[in-house]
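The same chain A turns up in both complexes below, where it pairs with chain B and then with chain C.
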Partner chain A sequence: MKRSGARLLRAVAMLLCCMAGPLMASPSVYLVLSGDADAYMRTASTIAYTLQANLPGVPTIRADVDGFDAHTPAPDDLVITIGTRAAQEISRRATGARLICTLLTEQSYNDLPATEQSQRTAVFIDQPAARQLALIRTALPDWSRVAIVHGNNSSDFIRAINAAAPAMALKVRTAEVTDDQTLYSALQSVLATPSVLLAVPDPKVFNNFTIQNVLLTAYRHRAPVIGFSPAYVRAGAIMAVYSTPEQIGQQAAELAALALSGKPFPDAGYPSQFSVSINPHVARSLSIDLPDAATLEARIRRQEQRQ
Partner chain B sequence: MFARLCTPCLLALALPVQAAGDATLTEMSFLDDIPVVLSAARLVQPLKDAPGAVTVIDRAMIRASGARDVAELLTWVPGFQVGRKNGATALTTYHGLSDDAPRRMLVRVDGRSAYSPYFISGIEWAKISVDIDDIERIEVFRGSNAAAYGSNAFLGVVNIITRPAADTPRYRVRITEGENGIQERVLSTRQQIGDVTARLTVGRQGDNGLAPIDDTYRNQRVDARIDWQLAPDQELEFHLGFVDGRARTGSSDVTDPARSIDNTTSFGQIRWRKQLGLGDEIKATYFHQEERAVDAYTIPFLTFLVQQGIPAPVATFQMALLGIAPNGGVDVDYATRSLRDDIEFEHLLHPHSDLRLSWGAGLREDRVASAQMFSTDDNITIRHARLFANTEWQAGPRWTLNAGAMLEKTNDTGPRLSPRLAANYHARPDTTLRAAVSRAYRNLTPFERQADLRFYESSTGKLVRQSFQPSPGLRPERVTTRELGLRQEWRGGRSAVDLRLFDERIEDMLRRDTTATNATAPVLSGALWNGESPRYYNGGYAKIRGAELTALYRPTHDTWIGGHYASVDINSNDEFADRSAPNEQFSVFAATELFAGWHMSISHHFVGSMQWYTQEKYRLKPYRQTHLRLARRFAAAGVRGELAVGVERFTDDIADYLPTLTRPTQAYATLRLEY
Partner chain C sequence: MMQSWGIRARVILVAVVPAIVLAVFMTAYYTHSRITDLEEAYRDRGRAFARQIAAATEYAVFSSNREDLRRLLDSARAEEGVRGIFISDTSGRELARSGVITSELPLRSVGRSYDEGVNQTLRFYEPILPTRLDVDLLAFDDVQQGSTTQQLGTVILDLSRTRLDEQRDTLMWTGLSALMLVLAGSVLLAIRMSQGVSQPIRNVAEAVGRIGAGRLLERVEVRGGGSLKRLAVGVNDMAERLQGAHEDMARRIAEATAELRARKEEAERADVAKSRFLAAASHDLRQPMHALGLFIAELSEKEHPPATHRLVRQIAASAEAMENLLDSLLDISRLDAGALQPNIQPTPVQPILDRIANDFHIWAEERHLRLRVRRCHHWIATDPLLFERILSNLVSNAIRYTDHGSILIACRPDGDALRIEVRDNGRGIEADAQELIFQEFVQLDNPERARSKGLGLGLAIVRRLTQLLDHRLSLRSAPGRGSVFGVSARRVAPETPPTLPPTDRQPGSLQDVQIAILDDDPLALESLNSLLCSWGCQVTSAAMPSALIDALAGRPAPDILITDYRLQEHVTGLDVITSLRHAFGYQLRAILISGDTASDPLDRARTAGIPLLHKPVRPAKLRALVQRMLASDTADTTD
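Now for the complex of A and B:
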């Protein structure tokens, strides 16, 4: 009995060595999280799950950015950062491994220390301007004016919206919140004529405190608000287009699989998958008939595929 | 008193001011929860789906009207009668049936009943602490709405919804000066400390009242709202208010001498609300309210007799015969005190995507004391319990059905059910036909049931007269309403035409008769009083029929032209009721931005002949009034301002309460500054 046990152990050890050889030779994927927020965890889980399903031989190693040793990854390993802080830290420490940044804004990505383009790419959390305008066009065909209030950091966003609007037959009216023009005045000026208010992810203008003013002022003007997250829809925006951590994680995993198969990194870009949320109660109160969220998603997707 | 009260509050709120959020854009902007702002309770039911005719007056309209109190704004609502009893007292009623104590409609401020069923008057506008600039909107439900709001919503409801604390300027100042002593000073501040946002508004207003009488008044108000966001889906709201009023009243008549009446009203309300999902919520509200009034004077007997035309020596002799001391008289003390506690729970849910249900229950206790009015030093206690449910069912794209009921019980009356059923048919998306039928009861006030006004001569202790006696065994008044409506909307409801045809039948309506007193106390003199006094009985009925047409064209938020026409016919076995509302009244109002920054508004109202009291001498002539207002808005260095000048009753004086009491043409200027 003793002898047979020893034989079994030897056999298992042999088997493990045989398996470990190719494993150690294949690159690893490191998931570096900016913290323990629920969204980071969900993104990491989706990436790990998707990679496991498609490339069962590739190990995924999850780490917190604070406990992560920059020397651990080998040059042919992949690092996927989740959140801005992880992207900043890993870029600063220059691990040498290729880097996919997720769950950060386009602006945060552009602000990272420069590196070779082939070494780094990203899936942003923001949505392309055209997609947001497509949502307005699709859901609110009777509305032709888009109102925006923004701070001085949103010039890129405003430029992109202005560039995309004519193709959708939308007129854009913007007002900047400055020391001289308060949020109230800016809202009054853009909402003077019936318009859809497009919320800008600019925390100087849209934050937990101002959101009350924005949503109530817009509601008072009977202006539907387009948010940029599902929380906005719960709070009182009529709808929003956004990408969930799962959708971003899925796309990051696909990028990782491509990279591991030897393909070069594509340019950093917006998420290809997205969701639409609507608030039927707000819509009804404003006497607006909205298609359901799935219909809107499908229509925008078709529109994007045609282009 | 006022200064003492305000200073610590202002200091407490002025200290910590938090910067508005983290200014760096990160992914958390996309991922974080944010507070629910447009909760189901804040959303307005689309008017085309409402179970009746609703008029909404929003902030832009309130500002453009130049109104200094809410009561004046009701001239914009068809079917409402507005009068001024004196400078401090506005009277409002819907479809008449009111004397100087309107009690057949309800006013609610943020869900808190401002109906004071304590003594005589139901709605005492001057006791509402909320400032007109803190009002988000006013929704006026024309017609009985007891199914939703209980028995005081007998013929109509005015719902005042205030702005959340966060949605107000950090500082606001309003100063009004005008003819006839118009003076108003209002200061408001909003501060944020963490998840708590607070607004404090203090104000003082007054004027010289009506031309022929001494009725100058001054009110001082404090109103606070504190919103505490416990979690993105959970909020605590605190409302606090205090009004201190002093008004001149009386005349040269010794039984109603010139004097000042002081009254104070204060309340505190706490409301907890929690969102349970998109559109579902539960809320619990408790409030406590206290009202006190001081009004005491003495009627010297000798002077009284002399005023009756009796020569002084004869009067002195008569007094001696009756055993009255030379300095004898009647001590009158209308001091009143009333306390109210009210608790309510409400649950709003959507069991199905096209079904909305709100149900709840509440308890209220009123404790009322006035030795003069009730001839007892004891509290009169009224306990009231209610259970309600209202549903709205979108029965397909063309039909909306509203059904609801309120079950109420007080310690005076057994359970009464006030149901309502309404069907709205959307012939086209913007064209709605509606039909509604409802039954409602009005629980009677302590005054109506138990008034026992006795006046004793102080030196003999004998009863001089009883001017009202208790009316035991009264039943609540009952109204059955049937109505048809037609509504056409444009631009998502911003512009609309709405027609309401109504038939309101009131049964068991209170009437007065005069009968032998219930008092057994020795009477001073049969020559002064014949031993009879008035009381109420359920012998009246009134059939109110008519039509109300409203129209509003509003191309932009600050530009509109609108108007209304109301035709009301009251048929009653009570002569008073028949003429208590004008047969015809109409209004037109318009506002526009003339040039950039220059806003003008104008309103014109016609009110046909009516009377607040039975006697022919109180009949009011038809009158017209025109109000004009011109405002210049400006903004500089983060400060927004508006300087407005206006003229009320531009063309002529009017009398809207008694023919002898005229309200003059008066001009005013208002400066508003907001930071």
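Now for the complex of A and C:
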């Protein structure tokens, strides 16, 4: 149903484009989705809506990455990929149009084939290390240690954390999961002293099959886990800071508007807007008093604005 | 084999076989499916249990918590049938173990649920997988989801089959028992059913058997319908017709039997009448012939002018011919009456041959024939008197039917028998007449029935006598080539020939022999008296015993008593002999004379040891007998 709706929308957009083309040769915005997951749809809808509101003359054409012809966009058109796969596919095909990547991690973005800085930018899905540490600091003022278990691809993130931690008066202890060291033993080693376990968006360490055991292990050590999505919080993390698809879509639409107005792309960056989610049951189980999510959000935002 | 089965066996077979087949099939099918189900359920349980252990031990394996694992396994091992549980990590290293893990199966490393069995153990492998918690993590993105499961370890569970085997055995025994019950039940039912089916047919069969045994009044009770009814009705009809036919036949047989009996009785009556007639006739003829013979004998003793002498000789010849004819008739009637009891004893043949030669050579010479007798030293088992009669008949027959040439009497050993042959080179006999000549009154060359050629009874008598003596009579003959009559008798070892007792009397002389005669027929008495007197005997005669005793008074005791068998007032000669012997006080020699051909007098005379002569008595025969008695007087004078 959704797909047929999208198709209808696309056909209408094409029709509009054809009709408007001879009158005013304004560029188009192509929204290329990695799939039809809810998050992608929500992001695409937000971008389309925002663009429509700000630039009524610019057509937004939504396409699936598998059905998208790389030669369709003109050089002055704009392509916005939603999701990692769409970003990888479009980068590989190297259309001439400029590219805004959304809904992918910084690490995934860095792994994309190299291209000109002016032709590509991104809004990451992951949160900046400082914001995560700020959440810990704000929500758990009594905890001064942060434990991190990571894989070999997360070195950038670890570096960022290590760089930001002293400013927050937090001590970071990390352990890498390797062939010699299992996830459990890595967890054991970092949780030996009471710490807050900060989950890393590294699928090799944290994925659907490991979450339960990680949460259980942490719980046994009475260590609160900071997740990176609301679902993580529902599964048993004490809280998480994250950006919703709408927040990311909003930011991407703003970037697109800037680009369409002739401004160059800024550097790829973290989402500027974010949300906080907490799990009061887990907090109660761990005997931790937490302020509510809105309070935390406001405090972090204030803190970021202060800097 | 089945062809020889009865109805009942067939019915039982028909009823039992489907039941048995069905029962066996159903029992086998259900038992098998139950066993399969049982086994499947057992395996399912094992798999489920292994899965349960895998789920329960997930975190313990994740955290490599061996104590935790062992505790979990120990509690799991309390489950029934569990032999042992073994938990290894992904590299196959042992994490925990509880109970006994059989070494019969190698430990595999598998990435999926798997089970295998050996002997009494079922082994289940279950990978320990981390629980998937569907969290869209940060990524909203497949790449971030970690789609590959990382196996944490493997549960190996050994279950004992003992319980399963027990259940299977129970199931099989139950199935077998049920099968047996069904079999027994169906056999019983079939037997009962078969009675209903086969009983009517068996009733029919039994009724048919009884009808076959002759009880034709048997009927089958008509029951049921269709073929059964037709069968019963058919059998009844058949029995009815059989009974009718049987009665009809019985009636005809009875009629035929009655008729036959009537004919037979008639024939017997006729035969008896004939015999009686012959007996009566011969008896009545005998008396005058007897007297006539004796008178002629006496007459010929006297001096006559030559013409008269010739007349006397002719009278004598005629009388003798008549006597011969009468003798033949008498012999036949005696043989037919069964009056002759042969006295078979070892007998030398030669004396008989001598007598025959003696008797016949004059007649043969008269007919210009040569009669030759070959000597024979053999002895045979026969009645000498009857055998002599056979031979004399054959010889007289040969002389009568041979015109010229010779007649030879010869003996030939024939196995353990001796065949005495009478050969002639006479006219011979046609092959188709050879049987005919042995019948009564048959004379081949005497259509005019000239009496001088006899009555035609000679060979008939020969045949009767050979049958009586159990001798074999044979005949070889061809027309113009003469005939050979043979009589075969059993040969016996020779005995010492009796030596003739010495006698003081001149042989052949009866001078002054004292003879008493007794006969109620005056003519016979007179003729016998005259004959004996002409032989020189001293005769005392009487018609009554008392008169004889009176007449003998004062005279010397008689040497011989000759008495008629049948006297007046129902007194027999035997009675007289007994009383006279008593009166004279010594064993008086006696001769009985009888005109009867009945066997009774002969038997009684033989029993008493007294010789009996049939009337008409030949003078020569009487004289010979008297001489023989006088010659053997040694024993008789005692007492």
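Odds and ends about this structure:
The rule is simple: the second predicted complex is superposed on the first by the 284 of 307 C-alpha atoms of A that agree within 3 Å, B and C clash if a C-alpha of one lies under 4 Å from a C-alpha of the other, contacts with A are read in each partner's own complex, and residues count from 1 in each chain.
Simple rule for what comes next: a contact is a pair of C-beta atoms (placed from the backbone, for glycine too) under 8 Å apart; a residue touches a chain by one contact, two chains touch by 3 or more.
Note that the structure is predicted; figures quoted are calculated from it, not measured.
Within the superposed three-chain model, A:His221 lies in touch with chain B and out of touch with chain C [touch as defined at top]. In the superposition on chain A, A:Asn110 makes contact with neither chain B nor chain C.
Partner contacting the larger number of chain A residues, of chain B and chain C: B.
Touch criterion not met for A:Ser26: it reaches neither chain B nor chain C.
In the superposition on chain A, A:Gln212 contacts both chain B and chain C.
Of the two partner chains placed by superposition, only chain B is touched by A:Ser285; chain C is not.
By the document's definition of touching, neither partner reaches A:Ser155: not chain B, not chain C.
Look at A:Asp179: by the touch rule set out above, it reaches chain B but stays clear of chain C.
After overlaying the two complexes on the shared chain, residue contacts for A:Pro194 are found with chain B alone; chain C is out of touch. Shared contact residues on chain A (touching chain B in one structure, chain C in the other): 37, 39, 83-84, 103-105, 108, 125-126, 182, 184-185, 201, 203-204, 206-213, 216-217, 228-229, 231-232, 234-235, 242, 245.
Of all residues in chain A, those touching chain B in their complex are 37, 39, 83-84, 103-105, 107-108, 125-126, 153, 179-182, 184-185, 191-194, 201-204, 206-213, 215-217, 219-222, 228-229, 231-236, 242, 245, 279-282, 284-289.
Remark: chain B residues 18, 20-40, 42-46, 48, 58-60, 136-137, 163-164, 166-167, 169, 192, 197, 232-233, 275, 278-279, 353, 429, 489, 491-494, 556-558, 635-638, 640, 674 touch chain A in the complex. Considering their complex, residues 34-35, 37-40, 83-85, 103-105, 108, 125-126, 182-185, 201, 203-204, 206-213, 216-217, 228-229, 231-232, 234-235, 242, 245 of chain A touch chain C. Against chain A, the residues of chain C that register as touching in their complex are 58-59, 62-64, 129-146, 149-150.
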